[in-house]
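Next up: the structures, one after another.
What follows is chain A paired twice: with chain B in the first complex and chain C in the second.
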Partner chain A sequence: MSENMGLAPPKSPPIRLTREVVNSGFKQRVNELSGQHMDACYQCGNCSSGCPLAQEMDILPNGIIRLVQLGQRDEVINSETLWICASCFQCTVRCPKGIDIQAVMDALRQMALDEGVDHFGPDQIDPEQAALVPQPGLVGVYRKLST
Partner chain B sequence: MKRIGVFVCHCGINIAMTVDVKRVAEEAMNMPGVAYAQDYIYMCSEPGQALVREKIKEEELDAVIIAACSPNLHESTFRAAAEEAGLNPWQCEIANIREQCSWVHTNREKATSKAIRIVDTLVQKTILNESLEPIPVSITKKALVIGGGIAGIQAALDIADSGYKIILVEKESSIGGHMAQLSETFPTLDCSQCILTPKMVAAGKHPNIELMTYSEIEEVSGYVGNFNVKIKRKASFVDWSKCNGCGLCMEKCPAKVPSLFDRELATHGAIYVPFPQAVPNKPVIDKDNCIYFKSGKCRLCEKVCEIGAINFEQEDLIVEEEIGAIIVATGFETLPVPNLVEYGAGDVPDVIDGLAFERLLSASGPTVGEVRRPSDGMVPKEIVFVQCAGSRDPERYRPYCSKICCMYTTKHALLYKHRVHDGQPYIFYIDIRTGGKGYEEFYHNAELDEGIIYLRGKVAKIFRDGDKTVVWGTDTLTGRNIEIAADLVVLATAMIPKDSTAELVKKLRIQTGPNGFLSEAHPKLRPVESINSGFYIAGAAQGPKDIPETVAQASAAACKVISLFSRDHLEQDPAIAWVDEDLCGNCRICISVCPYDAREFDEEKGIVIVNEALCEGCGSCVAACACGATQQRNLSDSQIRSMVTASLGGE
Partner chain C sequence: MAKIAYYPGCALNERSSHLDRSARDATVRLGFELDELDTWTCCGAVPPVSKERVMNLIAPSRILKNVRDSGRDILITICDFCYNTLKRTNFSIKTDDITRKRVNAFLADDTPEREYLEKDDTLWEDYAGEVRVIHLMEYLRDELGYEKITENLKRPLKGLKIAPYYGCVMLRPQNEIQLDDPENPSIIEDFITALDAQPVKYPYRTECCGSYLSVSSPDASTRLCYRILTSARNSGADAIVVSCPLCFYNLDSRQKAITEAYSDFKPLPIFYFTQLLSVALGVEYGRQGFEKHYVDVTPVLDKIDISTGKGDE
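On to the complex of A and B.
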């Protein structure tokens, strides 16, 4: 089949879908944690087009949902997008299918943290900036940004 | 001299912006015979028509000319108005100064003088117009429906219920068409046979319906209200009047023939009924596969048939019928899988089409409703559905959308999940098109509840790898290629017109479009009529459609026939060709030029006459006739001469 023999790893490897991949439990866990239904998404892209931070993301919000639908756990958990999302709810209020995308992002961040995907350490904050941010703000930020 | 009235329409600004309508009316007053002329903003409005009626009386007009839009639009409106005011309708003419003048020109001066000449041309014609009466044509109040699918059945039932006789001709031995093959039907998932068979039984029993199954149209002649149809009743080699449908012959027949009804997933004998609920429930012998016909030995069926219904001597029979109207409902078939080269060309095992999958899902099908793949009977756990297989592909296959496959593919995936709970269905699609009442909701719920994976992209290749059928596609939503090692692949192949339709339309002399589907007279306003009068169309033969739309169209076509039959006689336009018997030299050139077969040699008179019911007034024979014997009413040679002179500016 399409084995990439001895060459550099392909940039866009084909996704090999099997019922084990689709039903690995990843999508089901996201549904459970977020209280949302990933299969309801019909990929209209409204969440991405309204997102104020979309230009900073490696995968757009609708792309995240799509990869969850296809059971592509690793790609999602390691995406920058989860941490760039500002939880501003723009996506959630726009979604025609009533999906709370912000809750999905939250669930995915939770899963990433649980798995110890280290994204942002306290040492990465400039002490001068840290001094300017009030304490509750810092706590809130750490829930999102730290291990 | 006749007193002629001229009425010039502004059509809002449609005409008045480019043509000086007041000047046209003024100039008309100088034309011969014109006794009155006036312009008005909307001639077709009720006040506009009232003006015409009023002036006909006041000015004692003998004829009127309405200078306005195309006669295709309002000729009948103004002729009716003229008739109401006491004129013969053929004393009303339309001068087209919109489509043929104001809409196609910009120079006001030139457009105005052209409009004046157009009016003058019609004045010249009108001076010599005769008063005519419509020609009455009788109607045979018996209809013919060709094709016994759900479209034909529905149309036949509606006409029969209104009290008219009808003949339903079906090619196969049973009526039912494709709907009989389906398992459950979207969007409500009712069992197809359960809702179809009551209608089949009703059609079989209706006193006004005569079923002619295993029959085909041989020849059609005549015209609306008066067709003569020859129908070939193919030899079934079973005397249906004796056969009681016991089925002993079918049990004993040693031949094995792939069942077309079961999409070759099962076999039946050489003597067979296509499916158990067939109407009529009478077997036929497939001559090409019968052992006796091939080798001269066997006749087992004859031996077991206690009532002696088998008749190897039976021959095709031609019956002739007088018919008033014809509905064509010959349905569809699907693009054969071998045509689809990149999808294995029919050589890769476990690649089947949607109709075959319907048979696998069907409780009365070869697997009694269990989904089992053809190669080894395994229950597929990974199943891929491929939409637009041959549709929306103008380069290689069919350019159009087959309209039903988005819906039935979702239905297939959903019914599969109901039967194989741990299986995974994938659907490759380009767009999901779910226009229809309750359709988007059906798709939404299937997506939500059934765990179907929809992949947006066209499948590029299907090939075999061990016992797997590998599908290469893409998912444009992630921008990634997809590879699935499937157990079974189902192609939603394009809906195409039934192959025999091409030959049939030649016999009927009706039109088809570029893709072979029957053409309607007008895509919006006359969707169930053929352009040739007396022919109506219904169902998938006209274009891809699902059952609700098919049934609606069939009832609409039936309604047209009923409305035709509700009249005492038809009226034919009298402005047609006629022959001056003293001048006809019997050269018969007119017979060869007439596109409507309206010219015939009259033995008694020794000249060529016009069949008034068939003549469409096209004028071909008038132009061809070297003796000047053939003339057209209200378009005589002298009328045409003075019209040409006027259109060139007089003199």
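On to the complex of A and C.
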């Protein structure tokens, strides 16, 4: 087992909550793009406990939702979590409030990519892999992780 | 022989051609033919990330509209990604008026000139989600009936312990896919039973294998696949059965990296469900594309007792 196993270390630079930041429109934009209601989340943590990739993430899925509720755009958009999520819908299936968390992740990926920076480009692929991976993997990764 | 419209998708056309071939071999023996669409494009592999990106719905919508226009109402797919993308696109078109209008506006706009020349008297008819997108395994279960498979077994897989692997997009999101219970499915177990083999219970059958992360974060996928494979093996499985080309790649080819990373790991053969089906229906081993597998499947094949069946035809 590698040293990456186990929960991600807490990432907690102090955040200052002001009315301007919380009401900056970030949460509303996520609601609009995802079709989900961020305030429905009551932080039960079911999404994070079922997530097969939680151990690879810097911010757990429920943490992402909480930060969206609080308007913390930069912390969310710069999180590695967006690019580790494999869109497997486990969280979506298990959310007791019916939030499609995968759709929220998609919306956040779109907002991050709208800044114009690809997270994964053709130059980053291992050529040996590129020659073997079935096409849905190649198409899927570029559709999700690049503009 | 009944012909059912069939969308192979890009993987089955090339890198996973053994999935395509074994499916065609098997279905012919079950009395129907997979009739590949005359023209088709990539479906896009994943649905668009938001409703704003309606352009990403155009390719799958065009495929579905062509099926409808050719007078057919069922479309079979096998790749789980194609199934998920086509079915969810259809769901959006059917349930969301705005999406339907926007998609049809795009489709009407890019209709090639020749179609106006050839059939200028046909009126444009909006695509409204008329086609039913079904997975081959769903067709076998609901339209053909698994009992029909059991009746036609030439080489029953008696004694084989097979672990089903569902992965993610075959079942989820459940409100749109509605194939089976997303947490406690049974469609593959029942399929295994129909082949006279024994389904193995293990905890990770619906846990993600890493999907496309295999390309961008291969180590993450290696860890996930290790967990799935060891769990299946510890539960007594001789092999795992999958239906998705990407699950197959992750669980099969990735065993090379897993063997390097984990000293306790023992390889486990992976099969497409269509390979087991066509083997059980008597298609010769030589047509299954086993040479494309990273993990040797012969230990499993050796367990199939050909003395009980009628062997190769």
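Just so it is clear, the second predicted complex is superposed on the first by the 127 of 147 C-alpha atoms of A that agree within 3 Å, B and C clash if a C-alpha of one lies under 4 Å from a C-alpha of the other, contacts with A are read in each partner's own complex, and residues count from 1 in each chain.
Following the convention adopted for this analysis, contacts are C-beta pairs under 8 Å (C-beta built on N, C-alpha and C of every residue); 3 or more make two chains touch, one makes a residue touch a chain.
Everything numeric in this text was worked out from a predicted model, so none of it was measured.
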item: Combined model on chain A where chain B meets chain C, clash or fit; value: fit
item: Which of chain B and chain C A:R16 touches, first, second, both or neither; value: first
item: First, second, both or neither for A:E56, with chain B first and chain C second; value: second
item: Which of chain B and chain C A:P127 touches, first, second, both or neither; value: neither
item: Touching partner for A:C88 - first (chain B), second (chain C), both, neither; value: second
item: Comparison of chain B and chain C by chain A residues contacted; value: C
item: Partner chain in contact with A:G116 - chain B first, chain C second, else both or neither; value: neither
item: Lowest inter-chain C-alpha distance for chain C and chain B in the superposed arrangement, angstrom; value: 22
item: Chain A residues contacted in one complex by chain B, in the other by chain C; value: 2
item: For the chain B and chain A complex, residues of the former touching the latter; value: 381-382, 422-424, 426, 444, 447-448, 451-453, 456, 465, 470, 472, 475, 477-485
item: Contacting residues of chain A [partner chain C, same complex]; value: 2, 4-5, 33-35, 52-53, 55-56, 83-84, 86-90, 92-94, 100, 102-103, 106-107, 109-110, 119-120, 124-126, 129-130, 132-141, 143-145
item: Chain A partner contacts - residues on chain C that touch it in the complex; value: 9-11, 14-16, 42, 44-46, 49-53, 56, 79, 81-82, 167-169, 172-174, 182-183, 206-208, 210-220, 223-224, 244-246, 248-249, 253, 261
item: Contacting residues of chain A [partner chain B, same complex]; value: 1-2, 12-19, 22-23, 37, 39-40, 42-43, 62-63, 66-67, 69-70, 72
